[in-house]
Structures are given as structure tokens and as C-alpha cells.
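Note that chain A is present in both complexes that follow, paired respectively with chain B and with chain C.
Let's look at the complex of A and B:
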């Protein structure tokens, strides 16, 4: 036991030594520190088992995931907060320069960032429409139909497909102005100038449609599971009492589905907040930044100017905003579900 | 899934006419949405057999509107006449394809291993790490889900440069593991909760250790859940674009990045683009059709109590 603890301490000491040595002598890369961390994790595991017996064996279940997540999330996030305060252009020779809150003030004055945040609000609101469609599809699949399995597989398909490939083939090809079938159809229906991505509002809607196409199946499947778990007696009772299908839906099905709906919508919103790849590939933010999500804006900010410092500041501000927002959302949803039931 | 919850005999009795109208509406809506889901796939596959003229004129139906041509697939070195010749494009494509396979399988496996262990521990034992209890630890893992990739992307860019993991598959695997870990833990926690504790208690009485009980008794029962989590993780990793675009350049580039970088100097070669997109979509489409049951199981875990 003592040996294990000693070894553990020794490895920690070695690790600290590495870190100080990097400053003074300088390793080629920081990779030794990564290996040291892994060894240290193993040592902790062995130490736990040896010193605490059965309890240690239990702790061993949790340790790998915990150590992994801490190394991969906590440390980079803290590091991120540090680089957010620097002026660091990766392609220039001068390296990083500490510049305090300059990035922060620059961010507050950045109209494109504010626009991207505003777009996120719009994109998140679009989830409600997606929810309505997904609910409708779930009801359809839950109805007494033939070939249910076939339709379920088909409806699930869009979720499986790579958003990048989809945004090329749908966003850039089917919705192409001159020859795309969607444009042809729009012309046929009387829209004379079907340019899906040239004016800001249409472009935003097109992005929402593309994103909805990919993710509606996700909500649909969750809602379908909810519908199938619902007890038949309640519906039966409603019918015996003479309720029309419309009344049954609004007074029985919908309230009973509320918890599942809330889970589905919240998960969907969380995914929506990460929206980037479709925008990057289809419009790359255009026209004039009108369709930018925060993620795609930061991506371009880095690609165009390779300024890590400013990009990270934007990302960190975004992180703070969505943590506050999601916490509020969870609280609100909890209270909402409790109030209705 | 075979449970039928709506009862159409009742409405049938009410009035045959409205029953027929009802049927027509339901199947109409189903067919309409099936068309919306399938048309882009159809378009992608047919476009890969078109020549330039067919693309710009928006031809739709092969053999009627246009003569299929292997042009798109030839440009990837995958058409019948070019498949046995050496082709740099094909090598490039296969390399990207293998990168995608290795990173997504690697990351999913790693996430399944450490995720299932953690989920099992969290459902069976009580932990205290400093002031953290089980609920706090679970919340810590699940809260990773809201972390947007963009927050980690730039710090990781810098860190990976320092550690020499930039543009490597290992680097991508680690990040993807992190990305899918909360989902795996979510699914597996649900799965382990549904297994009665008595099974393990019996195993412990019979002289197995905690870990022995886990591997011999619990794992086999939880296998379907693991498959479900694995497939869902695979799908997410295979389609991931953001990290791959930022953190890889020549060696570890994955299929989505290759798809996204297909613009040539003379505009887009739609036929080769479509062939590439088809190749990027095909593996998951096959998985989706064959293992749909597990996918649904993974997505609905914990949704319905």
C-alpha cells in the first residue's frame, strides 16, 4: 500500500518536474506530460484498489471516465479562459500577447457577433415548428397503418446522413437557382425568382428547413416512444365518454405526452445550439453574415484571421450564455410540467 | 412496437365514408413525408451518374431523361472500367474513408468501455468524492452534452499543437470520445437500471468479485444497450465535421471534410461530388436499415419513464 502511494506521489512529483522543466530547459513537445497524466491515472487506480479494498474496486468503475473528462474538459476550458484574454495570432511569429479585456470590449462592439446571437434565438424558436411536425409524424406512425416498419425506417433516414453531404446535395444542388428541382418546383408554383440563399430572411428559413430535415426524426422517435407507452385505457375511457378525436388529443394525449415532449424539445434545443456544419458548407454565413450561427461565425473568424484569442473569447462568452440559458430552461421546464399536471 | 394503440374499428362503425377519408389522409401524409425523406437520397445517387449537361438541365429520371454515365464514379476511380487501374484519387478516397472508419469505431469503442463502467458504478454504488455525490457526478457527465464544440475547438487546436496530436487520428478519437460519452452514459445508466440488483447479489454470494459479477453476469444482459449506444455513437462520429475541419489537414482528414473541400477551380463537379456524397452516406444508410431497432432503442433510452 505504502509503495503504491509512494509511487503515486513520485509520479505526481515527476509530472510537476516536467512542467517546470518545460519552462527552463524545454521539452520538444508537451507530450511527456500527457503520458505522465495517464500513468498517474493508472497509479491512482491501483492505489485505490490496494488501499481501500472493495471500496477501491468500486471506485475503479468511475475513475477512467472521470479522469478522462476532467483532462479533456476542465483543463482545456480553463486554458480557454486564459487564451481568451490574449492576442494570439497562430500564423504570426510574435506569438501570444496578454491583452487583458481588450477582446471582451471588441466583442461587445462587434455587430456580427450580436447578429449571430440573434440568429441563434431565431434558430432555437424554429424548434417549436419542428416539434409540431415531429408530433404529427409520430401520430401518423402510431396510427393503424400497414408497412409501419418501412415508414419508420424511411422517416429515420435523414438523421443518419452526414449533414455535410446533405447540405451539398440538398442545399447547393437541389436548391440551386438555375437547375435545382426545388427551384424548378418553386417556379412552377409561381415564385418567379426562387433564390433560396440571396436575401437574409429567405436564407435563414432555408437553413432552418435544412436543419429541420435532418433532426425532425430525432424528436419524432422520442415522441413515438411516448405515444406507444401511453396506456390504452385512458384513450378508451375518453372515447366511451364521447370525446371527439380532436378533444381526445388536446385533453388526453397532449397533456400525457408533456414530459416526453419537454425532454425531446430540450435535447433538440441543446443540439440546435451547436448548429454549425450546415451553415459553414451551404452559405458560409452569407449573405453578409445573415445566416451565421455563433459556431460558424467563430469558425470563419478563425479561418480568415487565425486569431485564436478573439475567437476563444467569443466562444467563452457563448458558453456562459448557453449555460445560463439551459439552466433557466431546465428550471422553467420542470415548473411547467409540474404546473400542468 | 407491434402494439396498436389506435382502434379504427370504432370510427369505421361511425361512418364508412369518413373512415375512407381518414385512411386517404393518413396514407397521403405518409407518402408525402416519405417522398421528402427519400428524394434527396434519390437525387444524390442519380446525380452521380449524370454528365454535365444532365445536371444543368435538371434531368430527373435515368434512362428516360438521360443516359446514366459512370463519369462521377470514374472520377473517384471506382467505376467498372477504372477500378482495376491504379488511381491516386481512389487511394486518396480510401485513405479518408479508412480515417473515418478508424476514428468513429475507435471513439465509439473507447466511449462504450469507459462510459459503461461509469454508468454501472453510478447505478449500483454510492460515491463521495469530496462533496460530490452520485447525482452531482451524473449531472457533471450529462452536462457535457450542452458544451458546444466551438468552445473546445480553439483551445484544443493550441493544445494539440503543443502535444503533437494535431492532424492525428488519436487526437480526433479522444475528442469524439468526449463528444459521445454523455450520450453513452445516459443510455447505459438507463440500461443498467433495468437489470435487477438481485442477479449480482446472487453472483457475489456465489463467490464472484464485483468485477467478475460485472463481466460475467451484467455485461451479457446489457449487451443490447451497448450495441444501441455504440451505433448511436458511430453515427455521431461518422458525421462530425466541425472538429475534423479544424484539427485535421492532410493525414487524418475524414470523409465529411473531403466532401466539403470539393470545389474545383471551374465550379463544382456535381457528378463526382454526388458520387463522393453517396459513398459518405452509404455506410450509415445500410446501418440504419439493418440495425434500426437498436438506433431507436438508443434514442428513446430514458425518454419514457
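Let's look at the complex of A and C:
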């Protein structure tokens, strides 16, 4: 194992020296390093079995996943943090240059990034409205209504659509100002200029509606599963005790559904934090940045401006914000559920 | 017209209206021939049979061309390939082509054009299709990460600094220069465009300039003319020829009715479009910013100091801000694709600048409703022009300052250097590029929706277009606007410098805020200038200055 490890480290060192033009011996691409890593993994596996016997065999079950995670998650993340500390514009003749925390300070002073973060707060708050609608639909589909199975399938369909397709079908066709059915209906109802994406507030709400239309079914299906798993005896007991439908919902169903609700909301928030495709397709972040999300801004910075170093810094900072926020959210949710129950 | 000829045409099935239109067109042609286009027209000879035949596929006014038409045209134009390549000579060669698929054009046509070429030569192509807005990023990433995974690329001249300057392109062999008849290119597309360090790399397949597209029916309407006069305007109602007039007309048309519907004037394209949207502000600005005595207009040539925040550009930005309230209610969310194809061709708006696609689509695109009511000219001028050297506005003795925006310099087909090590593959790649840039095939591309505009002197032979089914007055107007833009002595030429789309993209974000009212015009312009200065430093100022000067020819 030690030989394999030393071999791997030697190949990595040679390749780094070659690529940084310190030495003239090395490989044209990094592919040999990948092969060396795979061989090292095999050697580690064999070594585990030879040195630790049955424990080593057990470790073999875990090792491939661990090596894969290191190669595909941990290394790229660390490499990403390194890229975030470089000045790397793809058109620059000098290539990549280490520039310390310059990108970080630039990010703190960037009004477009702050604007996108502010928009994200609003988008995340909209999840509460989506949750209320999803819960209502779930209750409806859990009730004894006609064609219940048909409606379950129909309500799920938006979730099956690509957000890009939704952007074109709904955002750029149905909501189109001149000929779109939604605009025509709005005119019929008295809205003289039904431009859904021209005014900052209207545009933001329109993006929220588009996104909600796609993802409410996701929350709805989770809540519906929770409702169906709920004990019917509890509900019947509430009815026997004379509870009204509202009391049954508010004092029995809702508290019992809290764990499912929290899971659904948190998963939905995580999806929401990645919101980009609808915005990129429909508004490009406009008007005046009103609909910009962090992801859509990073997309422009990275794609249109080839500003890899700064774009990566924005992405890494956002990753840290998300991790901290979601960790806090999980703790808060746990405490909330405990207190209610 | 002679009665016998009239009767003959009527027997052949032409309607009285068609005949009258043809006669009127001939009269217009005669008039135009005497004032400039004459030099570009020539009678069609029997030797031009092939050109006449391909222009009948499918025939103007007979629906939008399909893949079968692309294949047929590709097959008909295979003569030059057969003269230089033996049948099956490239058997086993596999090539990859990277290009666009905008509006189902570009690569979509090329597949069809190359079908017969593949069958004849034995080579096979695989395709990388990209949306316009994804193109620059994909190309830059390939270059920067050393992962050029294509052998042939459809690319614009602005990227030549990034690709040819880094030794990634293959130098054009002499036999290709001969096959594609490079001398036929219009002057502004001849070297240095397509070259780097004196070497030729590009098979030009397109000519690009923004021309001015307007609705002839709107500007000849008596009701609007009366309303215009009643509004106190001293000048007669007609097509604006200066930006000052464009602004006045746009403000006047708000609230007016035409054919019972709301009518709008100029259509701005304020929404970001991967950097390409900046060209549309450029078209508003060139008449203000491009002084006849100064080749530079976007940066100071000696320092790369941005001119975007000088009074000329700020006036153009202010024009957009002033005009937007008079444009359709959702205009702030319109990108150029919307203004050109969803709005203007569909009948909304009466004036837009665009590349020549509007002209080639107006009569041949199934979604166009303006085929008979569209006219063309070079971009409007300005009563005065800003002189960056003196810092003052000049009024020229010759009248308004005109400066067509030669935006993007057209698409070209380039072969990548990675094929150079394999002679067979190299010849195959260049043969395919030459086929796509062939003289006859290019005429068809200019005449039908393809994403490509006229770019050869031979494209301006009006009788060929008329024989294909184009209305003479229409095509005369269209080709004149293109030719006059290309050949204008004060044309604003696109800078071929690395990262040019990063400049444009950075500007688009700031302009979006400015147009939305979050910044004043001067503040927005200053912010763009600051971003551009930073970008120039990041890319290497000295190198950018050198390349900018080279692109301007100073």
C-alpha cells in the first residue's frame, strides 16, 4: 500500500512540476494521473484484504464509493476553491494567475451579486405560498372525489416537464404579451397592458408562478403520501369528539403532518436555491436584475464573460451560504417540530 | 410594356397584379441602376443556368425550404468538389463540425448541403449544434482547456484573435482559395478579415452589417401622414433618415392606429442576448460616435480607453431610455431574436435595425406577414457627430453623418489545426469548407432563410433574384441597403480583439439596469467604462491595443 501511495504521489508531483513548467518531464494530459489513482485504489483494496482479513473484505464494500466520492466530489470542490482564488479569464493571454482573496473582495462589493442574493430571499419565501397551495391540493386529492386518480396524474404532469420547456411553453408562449392566451385573458379581464415580464414586481411574481407551477406537484405528492400514511383512527376519534373540519385539520392533521411538511419544504428550498433555467430562458435576469437569481448571474458571469476565477468564487461563496443556511434550517425545523409535538 | 409580352405573361398564368408589380419593379430597377446599383447588375447568361436552377429550389413564395431542398442544392453545387476530389477519396475520414442551430438554420442547412458531398467523397460528419447565446462560451472553454473537439467550425471574425491568434486554425491551402473565388468577396470582407499574421484562415460564408428595415405601408399611409401633419410636424411623413427623426416618429406613433390596430415605431432590443444584444445599441450609436475623421469609435486606439461613456454613446443610451415608453409594453423584455422574428416579421413595429436576415426572411419565411410591405436602407444618420479628439459635436458640411454598423463581419468556416497532421483529413475538411463557401451555394444562402447574407459582388446581380421570384423593387431596396452598408466610407467596423463578447456581455448587464431605470444614462455608461477598463487589464492591455489597432488598420 505504501509503495502504491508513494507511486501515486510521485506521479502527481511529476505532473504538477511539468504543468507548472518547473520540469520538462511529464504527461501531455492528466489522464495518466487518473489511471494511477485507479491503480492506487485497487492496491489499497488488495492491501486491506491482505492486512486486515475479514475486516478488510468488509472495507471493500465501502472503498469504491469512498474513492469515487473523493474523485468526483471532494477533489473538484477543493479544486474549485483553488480556482476561486485565481484570476482566470479564458481569453486572457496570460492564462490563470493566483490572486489571493481579490475575487472575494470584489464579490463583497458587487451590487449584482447582492441583488441576486436579495432576490433569492424573496424566491425562498415564496416556498411558503407554494407549500400552502400544495397542501390544499394534497388534501383535495386525498378526499373522496371523483376521478381522483386522473387528477393525481394530471397534477403531477408539470413536474415531469423540463423547466426549459416550461419557460418556452408558458413563459414565452402562453404569457407572451401580444398573442399569448394568458395575456389575452388578462386583457379581457381589464388589464390594459398585460406585460408579465416588464415591471420588476410583476416579472418577479411571474417567475415565481412559473417555478411554482413546475414544483408544487413535487411538494403535493410528498404531502399526499404523508396524508395517506396517517392513521385514520385519529381522524375518526377527532370527529367522534365533535371536532369541526377546521379543528380536525388545524389541531390534528397539520401537527401530525409537520415532519413530512418540514421535509417537503426543505427539499423544495434546496431546489429553489438552484433556480436558474427559467430565468435564463425567459428574462435573462431582467428587467434591471429584478428576476436575477444567484445561479443565473453566475451563469452569465461564467458563460458570457468567461470569467472563470470570479465566477467560481461566486459559486463557492454561494455553496458556503447554502450549507450554513440549510444546516440552520434543519436545526430550526427539528426544534420547531419537537416544540409543536 | 409591349402588349404582346403582356399577353404572353397572362397566358403563362401571371396575374395582372404580378405583371404590374413586375413592370413597376423594372422601372424601379432602371432608376436604381443609374444611381449606384447599376455597377452591380448584369444580365443573366446561359452559363448562369446552375445559379438560376438552384434559386428555383423551392422558389420564392413557394414555402420555406426544407431539408430535401438543402440536399438538392448541395448536390447541384457539387461540381467544384468533383473537379478537385475523386469519388470515395475520403472514405473512412470522420470529421466533426461545430456551429449554430439558430432558427433551425446554419448547421441545419449545412447537414443537407453536405449530404451529397459525404456520399460522393466517403467522409462522414458528426455535428455539434449550439444556440447563439451558448456559442462563445463553448468556444472559449474549448480553447482555454485545450479541448478542441471539432475539426471544422462556423465562426465569426471577432473570434479570430482567440482562435487564429493561438495557432488553433489550419492555414487555407491555395487550391481552396481558387475554388471559392475569393476575389469575389465584397471589399470590407477581404483581408485583413479572415487572416492572422498574414495567413488566410477563413472561408467566408456571410456578410454582416445592420441595415434599417422599415414598413413601407406605414410610411405611405395617408391617415398617419395627416395625423403627423396635424401634430404640428413641418417635415413630410416618411421613412426617417436620422435617429432624431426615428425618435420623433416613434413618439408620434404611440397611440396611433393602422389597419385598426396599434402601430409602433422603432423596436429596441434591451434584453441581454449573450453579448450579441450590444450590437443593437451600437447601431443606434455609430452615427453619433463614428466620426469620418477617426477610425476608432468603441475605444481610443492608443490606450483602449473606452468611449462608451462619451457624449455620443450616452446620447444613444438616452435615446433607448426615451423611446422605450413609446414601444410595446413588454419591450424591455425583448432581445434581438424577439424584435426581428417575433415582432417585426409578425407585423409589430415599423422600424428595426437587424442583420440582413429580415430581408431574406420577409418573403421566404412562413411566419412572415410583411413580405410585401417592407423596405430597406442603411442605418439612419445623425444631424451631428461627436468628435472624440476635440470633445465637441460637429455638424458636417455634407449633411447628416451616416455610419453603418458592420457588426460581426459575418460568419466564416474555419478548419482547425488538429487536422494538419493527417493530409487526407485535412484535404477533406478543407474540401467541405470550400463546398459550403462555394460561389453558387452562397447565392442560394443569401436568397433564402439560412442565417447568411449577401457577401460576394456576384450576389448583387438583381436579375438573378428577380428570376428566382423576388419582387424587383423589394430586392433592389434590400441589396442596395446591404451594398451601401458594406461599402460605406464611414462604416463602423467590428474590432477583432480577444474577449470582445465579454466587453459586450458586461455592458448588457449594466444596460439592463439602466434601461430599467435603476441608473441614469451617464451613470450606466460610466459603469460600463469601468468594467471594460478592468477587463482590458485582465486580458492584457498592450496586446489588446495592438490587436485593436490592427483591426482598425491604423
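We adopt the following convention: the second predicted complex is superposed on the first by the 315 of 341 C-alpha atoms of A that agree within 3 Å, B and C clash if a C-alpha of one lies under 4 Å from a C-alpha of the other, contacts with A are read in each partner's own complex, and residues count from 1 in each chain.
The rule is short, and it goes like this: a contact is a pair of C-beta atoms (placed from the backbone, for glycine too) under 8 Å apart; a residue touches a chain by one contact, two chains touch by 3 or more.
Because the structure is a prediction, the values reported are computed rather than measured.
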Touched partner set for A:288, first chain B, second chain C, both or neither: second
Chain B or chain C, by number of chain A residues touched: B
Chain B versus chain C as contact partner of A:178, first or second or both or neither: both
First (chain B), second (chain C), both or neither touched by A:87: second
Touching partner for A:270 - first (chain B), second (chain C), both, neither: first
Chain B versus chain C as contact partner of A:229, first or second or both or neither: first
Chain B versus chain C as contact partner of A:101, first or second or both or neither: neither
Which of chain B and chain C A:200 touches, first, second, both or neither: second
Contacts of A:69 with chain B and chain C, given as first, second, both or neither: first
Footprint overlap on chain A, comparing chain B with chain C: 90, 178, 302, 308
Contact footprint of chain C on chain A as seen in their complex: 87, 89-95, 112, 176-178, 193-198, 200, 203, 282-290, 300, 302-308
Touching residues on chain A, where the partner in the complex is chain B: 29-31, 33-34, 54, 57-62, 64-66, 68-69, 72-73, 76-77, 79-80, 83, 88, 90, 136-137, 140, 142-145, 148-149, 151-166, 168-170, 172-174, 178-181, 184, 213, 218, 221-222, 225-230, 232, 235-236, 239, 245, 259-260, 263-264, 270, 273-274, 276-277, 280-281, 294-295, 298-299, 302, 308, 311-312, 315-316, 318-319, 322-323, 326
Residue numbers on chain C that touch chain A, as the complex places them: 133-134, 136-137, 140-141, 143-144, 162, 270-275, 328-333, 335, 342-343, 346, 348, 498-499, 501-502, 505-506, 508-509, 512-513, 515-518, 535, 538-540, 543
Residues on chain B engaged by chain A in the complex (per definition of touch): 1, 3-8, 10-11, 26-27, 29-30, 33-34, 36-41, 43-44, 47, 55-58, 60, 113-115, 117-118, 120-122, 125, 127, 129, 137, 140-141, 144-159, 162-164, 174-175, 177-178, 181, 185, 209-211, 214, 235, 238-239, 241-242, 245-246, 255-256, 259-260, 262, 268, 270, 273-274, 276-277, 280-281, 284-285, 287-289, 292, 295-296, 299-300, 303-305
